[in-house]
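One structure coming up, written as structure tokens, with questions to follow.
Naming follows writing order (A, B, C and D), and every chain is counted from residue 1.
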Amino acid sequence: MLEQLKEEVFQANLDLPKYGLVKYTWGNASAIDRESGLFVIKPSGVDYETMKASDMVVVDLNGNVVEGELRPSSDTATHAVLYRYYQEIGGIVHTHSTWATIWAQAGLDVPAMGTTHADTFYGSIPCARYLTQEEIDRGYEVETGKLIIETFEERGLDILAVPGILLHGHGPFTWGKDAKSAVMNSVVLDEVSKMNLFTRELNHFAKELPQNILDKHYLRKHGKYAYYGQK
Amino acid sequence: MLEQLKEEVFQANLDLPKYGLVKYTWGNASAIDRESGLFVIKPSGVDYETMKASDMVVVDLNGNVVEGELRPSSDTATHAVLYRYYQEIGGIVHTHSTWATIWAQAGLDVPAMGTTHADTFYGSIPCARYLTQEEIDRGYEVETGKLIIETFEERGLDILAVPGILLHGHGPFTWGKDAKSAVMNSVVLDEVSKMNLFTRELNHFAKELPQNILDKHYLRKHGKYAYYGQK
Amino acid sequence: MLEQLKEEVFQANLDLPKYGLVKYTWGNASAIDRESGLFVIKPSGVDYETMKASDMVVVDLNGNVVEGELRPSSDTATHAVLYRYYQEIGGIVHTHSTWATIWAQAGLDVPAMGTTHADTFYGSIPCARYLTQEEIDRGYEVETGKLIIETFEERGLDILAVPGILLHGHGPFTWGKDAKSAVMNSVVLDEVSKMNLFTRELNHFAKELPQNILDKHYLRKHGKYAYYGQK
Amino acid sequence: MLEQLKEEVFQANLDLPKYGLVKYTWGNASAIDRESGLFVIKPSGVDYETMKASDMVVVDLNGNVVEGELRPSSDTATHAVLYRYYQEIGGIVHTHSTWATIWAQAGLDVPAMGTTHADTFYGSIPCARYLTQEEIDRGYEVETGKLIIETFEERGLDILAVPGILLHGHGPFTWGKDAKSAVMNSVVLDEVSKMNLFTRELNHFAKELPQNILDKHYLRKHGKYAYYGQK
């Protein structure tokens, strides 16, 4: 069942430690098959060194296991909420990658200070507020997903133009058209988090990238006038 | 004698350089067999590249060598004190890992600023005071063990809920139910030490994680209501 | 066609991730054959793990593809402008390497604070201004090349004595007598960017290297009185 | 000639990039045979990836080549001065390792802030002044060696108790009883340079290690009461 997707999700999960985003089992990647409405996600707390593609768990959009011996990631409900709300998302990644988590712990949006950022994220990457006690009681993981939606709605952000978010005191979620691009967006987010922190340390008066260069770089790679890559 | 435990302790010691916690021979891991009251520890100053499982030294709870050709770690007496006092500890690790040592040199507790911390440590990780001249004269390694106990007693901390400590001007000790989990706790301690340092640099007003989120994350992974992992 | 040069450019591109300067496809290296007036450059957005020497694209000095199945790097026009203007340049590299990009985002020249810098760069490495809207409209990549020339002309710098530049909000370009030396200059630039940032953090009053030591180190490796290396 | 020593020096030079102290050819290690009064040193500017043990150059105490096809390191004269003056030194290493060089660029001694430092260096690691113009004219490399001696004499330091120094604006030299221990001292110096920088950033009021703990740790590993390791 969804063997091809399992392989993709498995590879995406292996890419997390490969790119230095994850130690031990502190992360998870998933991807959805829109036709069947089912998504595939990493099992919870399984060692990356022994994990196999066939360990990936198939889940429906309510977070119920459809196939698999193992329990899915404890963050499965957050993934499900996002897949239900945003039809354009094909893959989701959650990590505690060092530099993005530092911004999450600081409770700050990551501003667009360079073209490395602008090539992938069209503007600041938001940091969502803490969950309230009421929300935690209602269901931590589902409410985390709803908070991501709330944050994007309130700020009027396009989910694919800004393919990631920080959760205050926790860490990043990123997404994309598939699991692979969600991983890449996590790599970019961590790298710009690192670069922006030290840019500020080097020059407290450093400003965000001017809007026209942000536009130029984002649109060089995205949309109908893009001219980067082979298509 | 205790061949299985020797293998586990050997692997735990190899994991220290693998996770970037140790250079050369600057660290040691041990684990105890509660039935016999004997523990297994790394030999002192032996190169990680040539060390074998059979080089591990078997020691009793007074720190006397029971089996082994080599001298045990110079920190053996500290391990012995902790194993004697805390029945619930199965493995102990000592390193000079970069970021935890930086907090130890700064003489500061590591505050819980994020869920990466809360997933493993239930609150601040204490930094113990320097040893006094009298304690150094009495026996540096034994007194280090006693100081760890004193610090936990004075603060009323649960030894497994906060499975690690910093020694002022020195570095971290961590522990767990076995050698493998003691290593993992060292990895977590070093990572949160790094993240918290830069969180403060990025935002001097960054606060500790709210108590309710600390509770939620710790209890998601620990205790009878835990729902992380496969059991 | 230019098979030897393709191989050199291919290797130079592989060296970018090897030296930690590039993640994914965020960089490009090229080299020119002065006899034919053609240069070889990495294709745009091709995965480093599957890229082959035969994927390199041959381009003329107007940036038109002369041979190759793939589209050349989106930065090809910048390379072309530099090769046209500076006959002494044989290879060019562009990256978003972490520490050089941090200085570029901060909008600051990298001062010569040590002999690691002086061994390769004879004085400060300039940071060029942002492009204006008019320049962006006229052609982002061509104008980037022109801005590099403008910056060197205005400051009266020798293109080989200071073989690199930062573009404000973007990242570094470096060059050299061939692709390999352009890569090395990128490595040096990133390393001195890192060291200088932390030198300033450690000592806000740290000064630039005295002129006589800058001279000594630069001339030990460059020019007719050089006595470093095997020739 | 001195084949065993060549092998040791070759291995020591390979260890420099392995421990992250050196990129390209930015470093050199040597070791002396006291019986013949000859020392073996890395050739100048030879790629670490193609270098062989037989490429090592044999030099006398005046820095003249006795055997070898290649030119010795450009820093050979500095090594010679130190070997001549200090009979107790068996190996010398020079690098531009990142964190030690940062302290050198900042022009600051590295204070003993923790036991990682005290295990190897008995007190602060000095930073020598810049060379004067007169000294540069007289001979940069010879005068660098003399400046190291001057600095140790003026401060009344024991060359083996503090087996390293920083040169202002340049980088570190370390030494030891042989090439291998000189490399290890470079590793320690770079690591404590990193830890001390961030200790200060974390706590501007962090103090040096108390003298009694410095004594305890240094003497645990050195001198006749040492009880670390296997002898």
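One rule holds for everything that comes next: contacts are C-beta pairs under 8 Å (C-beta built on N, C-alpha and C of every residue); 3 or more make two chains touch, one makes a residue touch a chain.
Predicted model, so just to flag it, every value in this text is computed and none were measured.
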| item | value |
| --- | --- |
| Longest centre-to-centre distance from chain C, chain (CA-based) | B |
| Rotation in the CA alignment of chain B with chain D, degrees, nearest 5 | 90 |
| Whole-Å separation of chain centres (CA-atom averages), chain C against chain D | 32 |
| Distance from chain C to chain B - Cα centre to Cα centre, in angstrom | 46 |
| Shared interface positions of chain D, touching two or more other chains | 201 |
| Graph class of chain-chain contacts, one of line, ring, star, complete, other | ring |
| Pairs of chains satisfying the touch condition | A-B, A-C, B-D, C-D |
| Chain D contact footprint on chain C (complex, rising order) | 19, 113-116, 184, 187, 191, 194-196, 198-199, 201-203, 206, 209-210, 212-213, 216, 220, 227-230 |
| Contacting residues of chain A [partner chain B, same complex] | 23-24, 26, 43-46, 70-71, 74, 96, 98-99, 101-108, 130-131, 133, 136, 140, 169-171, 197, 200-201 |
